[in-house]
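Chain naming follows the written order as A, B and C, and within any one chain the residues start at number 1.
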Amino acid sequence: MKLRGWLATLIPIALVAAACSSPSTGSGGAATKLTIAAVQGVEDAGLKALAPMYKQQKGVDIQIVEAPYDDLYSKLVNAFKANDATYDLIMMDDPWMPKFGTDGSLSDLGPLGLTQDPDVAQVVWDVGTWPPPRGPVPPSEKSKPKQLLGVTIVGNVEMFMYRNDLSATAPASYDDVLTNAKAQNKPGTVAGYIIRGKATNPVVADFLPILWSQGGDVFDENWNVVLDNDASKAAISFLVNDLKGVAQTDPGSTDASDRDKIMANGQGYQSSVWPGEINTAVLDPAVTKVAGKVTFIPIPKGKSGKGVGMMGNWLLGVPKASKNQQAAADFIKWMLQKDTQMTYAQNKGIPSRTSVLKDASLTAANPYFPVLADALQAPPNWRPRTDQWNAVETIIGTHLNKALTGGETADQAATGAAGEIRTLMKGAGYPTQ
Amino acid sequence: MTHRSRRLTRIATYALLAVIAFIFAFPLFYLIATSLKTKADLFAPVPSLFPPAPTIEPYISVLFTRGFDGLLVNSIIAGLSATVLAICIAFAICYPITRLPAPPRLRAFVLNWALSLRFLPPVAVVIPYFAIVRTIGLYNQLPALILVYTIFNLPLAIWMLRGFLDEIPIEIEEAALVDGASRWYAFRAILLPLSRTGILAVVIIVFAFDWAEFLFAFILTATPQAMTFPVGVQGLVTQFEIIWNDMAAGGVIAILIPLSLMILARRHVMTGLTFGVIREK
Amino acid sequence: MPGSRVSAVPAQRFAIGARIRSAWMARSRQERLVYQLLLPVFGSVFVVATIPFVLAVIQAVTSDSRGFVGFDNFARALGNPLLYESIKQTAIYAAIALPTEILGGLGIALLVHRTVRSSAIRAAIYIAAMIPIVIPQIAVGVIFRLVYAPDYGILNVLLGQTGPNQPLWLSSPPLAMIATASVDIWQWTPFVYLIMFAGFQTVPSESVEAAQVDGANAWTQFRHIELPYLRPLLLLVLFFRIADVIRVFDHVYVLTGGGPGTTTQFLSLYIYRIGFKFSDLGQASALAVVVMVAMTVFYTIVSRFLPADRG
């Protein structure tokens, strides 16, 4: 007992001492290793495929540290707050960039050698610039010079999909969408429209294109909240009343993976979709029952007369605290090169170069690429560029989910959300009315 | 109670226990079933109770393809070390307050402080811990986790150990002391064996909590060098992908390791559970 | 400090003084041991554990942009109506989960202790009870999601309830509450069992036998012999479960994300939302401090009437 007692104490201590060995990071000079904080999932698949290539070509080790969406955000917030130097590059969803830009956590990529290549759609450069070159600018940022803080490596734009075997013509407008949905809806067999309605981020991602196409918006040019004006209210009602009437059984708990499953099983007629969902789920040869039966189009028009797609680019940025600034920027430049982008696209990446997206050799495997290229040129809308976006999205998402699950009416959702957003923005120093 | 009604009660009790066992076992069963399914099975419109074509592909994917075996090792090291540390410190604190004439207010203070630690929502201390760990240079190192786990499980360890130690009459040790034994001897040869049950319960529960802990492992580590298994498994649930089978395999593996440790130590478990305290009336 | 008083006792009180002094010295040696053992260990743990709490308090009274703001964050935290909704929902959750877990765990422990004789089986059950605690939370959340989800969830399939009118376990407010509480019960009843069953083992067998010889039936035996021994552990379980329910986060987040609407947005999710989604760490820290203080006060009051110490 005595000997075992001592062993029981000493062994863990020895293990701890062994675990304490920390590999020293490369000091000074040229970087031999770059650490990237990436989002786990389809979005970083291409990145992971390219990392060994970079090592071969340039001799720099790329270590990719992954985390799922929400966790990555928390982790980045923590890292920036503590000025942590662990990450040399970070992947960020474009709505996160305003916060990181406002907080001054990212380095300007221009001086590090990145120039705006015209082969990449202008909106890509715009979305990576802070303060934003168009649309309302947060008051605290108005005086700052424009800097390029992030470059897109996942050229996501939300699109629309429908079953071409069930109806030959594409819906031209959301009115068509609703009519077709009613015609195709067979409760229990085929859902006329699949609503992605899980609380906060999912339902808002689904809803914003509808909102914009119907002529509504969250903010106007001066940061006033317009979520409760007539057009916006009509859009909300369209989602929670009209579309819900022809939707799947439980839109309130449906997330993207659920939606993909329904579509892949042939149980849904149409829905919005992100490019990342297409090859992993909807058209995954291993599981899909609708191969060749799905057509992808840009977001249909609404009462505003336009169909407004929503972009959800994943940007690569360099934290100011990183000790390998130039090496990190060089990696981004390498990722943008045309030959790299071709390989990237062949390895499940979603490129941002127009010439690559329109390349005929890639279209067979990725039928939505040309549509994506057009959508990027349109240009698509982006989510409001404010450091408060996460909070705004949470507010809107909670109310929409409540309305979808019968907890409140569309009107109440609109007024409730608008009111909370006003309080939030005013508290954050915006001139919101 | 007649013999027959005793038997009937026994059978009824066994039946009740069986039902309860079934209810608790069902999610476990479904976890295992899911871990043996293929992606196509996961997509099936009507889910099946049993995997139609069982495959161990998810296990291979989790352990080797994704390289989680290193994470498992980290979890084991962190869990065992923190458990040993926790019980040693808990003893160092519980012994004085149960065996020695400590002022009752000190005793109450220690216990109240320990419990109040548990009342604190971790969300508020996540950033302070992050900042502290970085400042002392332990970021992304296992010792940081070991330290944090020890602190977080101390309240429970202290309370549990105190509860069990209180049951053991002090007279036995005092008799030994009067007979000339040293305090350390009284502790080692008399108190420790008598408190086996308490130690067992504390060790199992503290290790279990350390093993499954996610939040601080996630916040305080950045690379697979120090990440633990739950952090790895968490990453298998992404926005768009449906890899529930891999994640379920991760869950099953996460169960098997502590389970194996327990089975290896089953003799101690049995001794701890059936050793009653002899008391004088 | 006891033991350091070396007083020169006046000669005429020598006899009494000597007796007092020797009694004092003898007692204080033991008491000195208390402090010698306790203070270093407890002291260092106390310091190490309290530093983050102090930092959290500092976070609660400062703001990123404006430095020290006093009770500003607290006012904002307590003025938000969503907080009280969250507290209400957490209370409902606790009211469903806690009694079930504690009484269930205790009851099952009693049943096993009384009816299962083989020590191998007792050990096996004990080891099995550890399983729900060691599963990573995300796996728990996803599996239960696969059980409760509409259309493809196994529960509705087994109940034969598919189609448009099936119970929506994750989207209907009362059902969502039950669904999330059921996960808690599944996970924590075994925990209660682990502690209570171990507690049953420490009840001295002669007391039990004596009672049985005296003709006590099963219920009396439990109530008058075993329950008093179990009281400290029972209270431990109660207090710790209450503390844990206030911090419940992981499986709820995966199962419902706080929905439908805010039905399952319990306290910890609410604080997480304020801290990370709204990036308002000051308010989140203020909330955490309020919670901790409130719970400590609650515990102090309750422990007056239900002292965790036995007699």
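Just so we're on the same page, a residue touches a chain if its C-beta (ideal position, glycine included) is under 8 Å from a C-beta of that chain, and two chains touch if they have at least 3 such contacts.
Note that this is a predicted model, so its numbers are computed, not measured.
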| item | value |
| --- | --- |
| Starting at chain B, fewest touch steps before arriving at chain C | 1 |
| Most remote chain, CA-based centroid, reference being chain C | A |
| Pair joined by more contacting C-beta pairs (A-C or A-B) | A-B |
| Centre-of-Cα separation between chain C and chain B, whole angstrom | 14 |
| Chain A and chain C: spacing of chain centres that average the CA atoms, whole Å | 38 |
| Rounded Å distance, chain A centre to chain B centre (Cα mean) | 38 |
| Residues of chain B engaged with two or more neighbouring chains | 44-45, 127, 131, 234, 236-237 |
| Touching two or more other chains - residue numbers and ranges from chain C | 151-152, 162, 276 |
| Overlap residues in chain A, where contacts from two or more other chains coincide | 74, 261 |
| Touching residues on chain A, where the partner in the complex is chain C | 73-74, 77, 99, 187-188, 198-200, 248-250, 252-253, 258, 261-262, 387-388, 390-391, 393-394, 398-399, 401-402, 404-405, 407-408, 424, 427 |
| Chain C-facing residues of chain B, complex | 1, 10, 13-14, 16-17, 20, 24, 27-28, 30-31, 34, 44-47, 49, 89, 92-93, 95-97, 100-103, 106, 110-113, 115-125, 127-129, 131-132, 147, 151, 154-156, 159-160, 162-164, 166-167, 183, 197-198, 200-201, 204-205, 208-209, 211-212, 214-215, 229-230, 233-234, 236-237, 244, 247-248, 250-251, 254-255, 258-259, 262-263, 266, 269-270, 272-279, 281 |
| Footprint of chain A on chain B - complex, ascending | 39-40, 42-45, 74, 77, 80-81, 84-85, 88, 126-127, 130-131, 134, 139-143, 146, 188, 192, 218-219, 222-226, 234-242 |
| Footprint of chain B on chain A - complex, ascending | 1-2, 8-9, 12-13, 15-16, 19-20, 22-23, 35, 37, 39-42, 63, 65-69, 71, 74-75, 78, 81-82, 84, 86-87, 255-257, 260-261, 264-265, 267, 274, 276-277, 280-281, 284, 286-287 |
| Residues on chain C engaged by chain A in the complex (per definition of touch) | 76, 149-152, 162-164, 166, 168, 170-173, 256-263, 273, 276-279 |
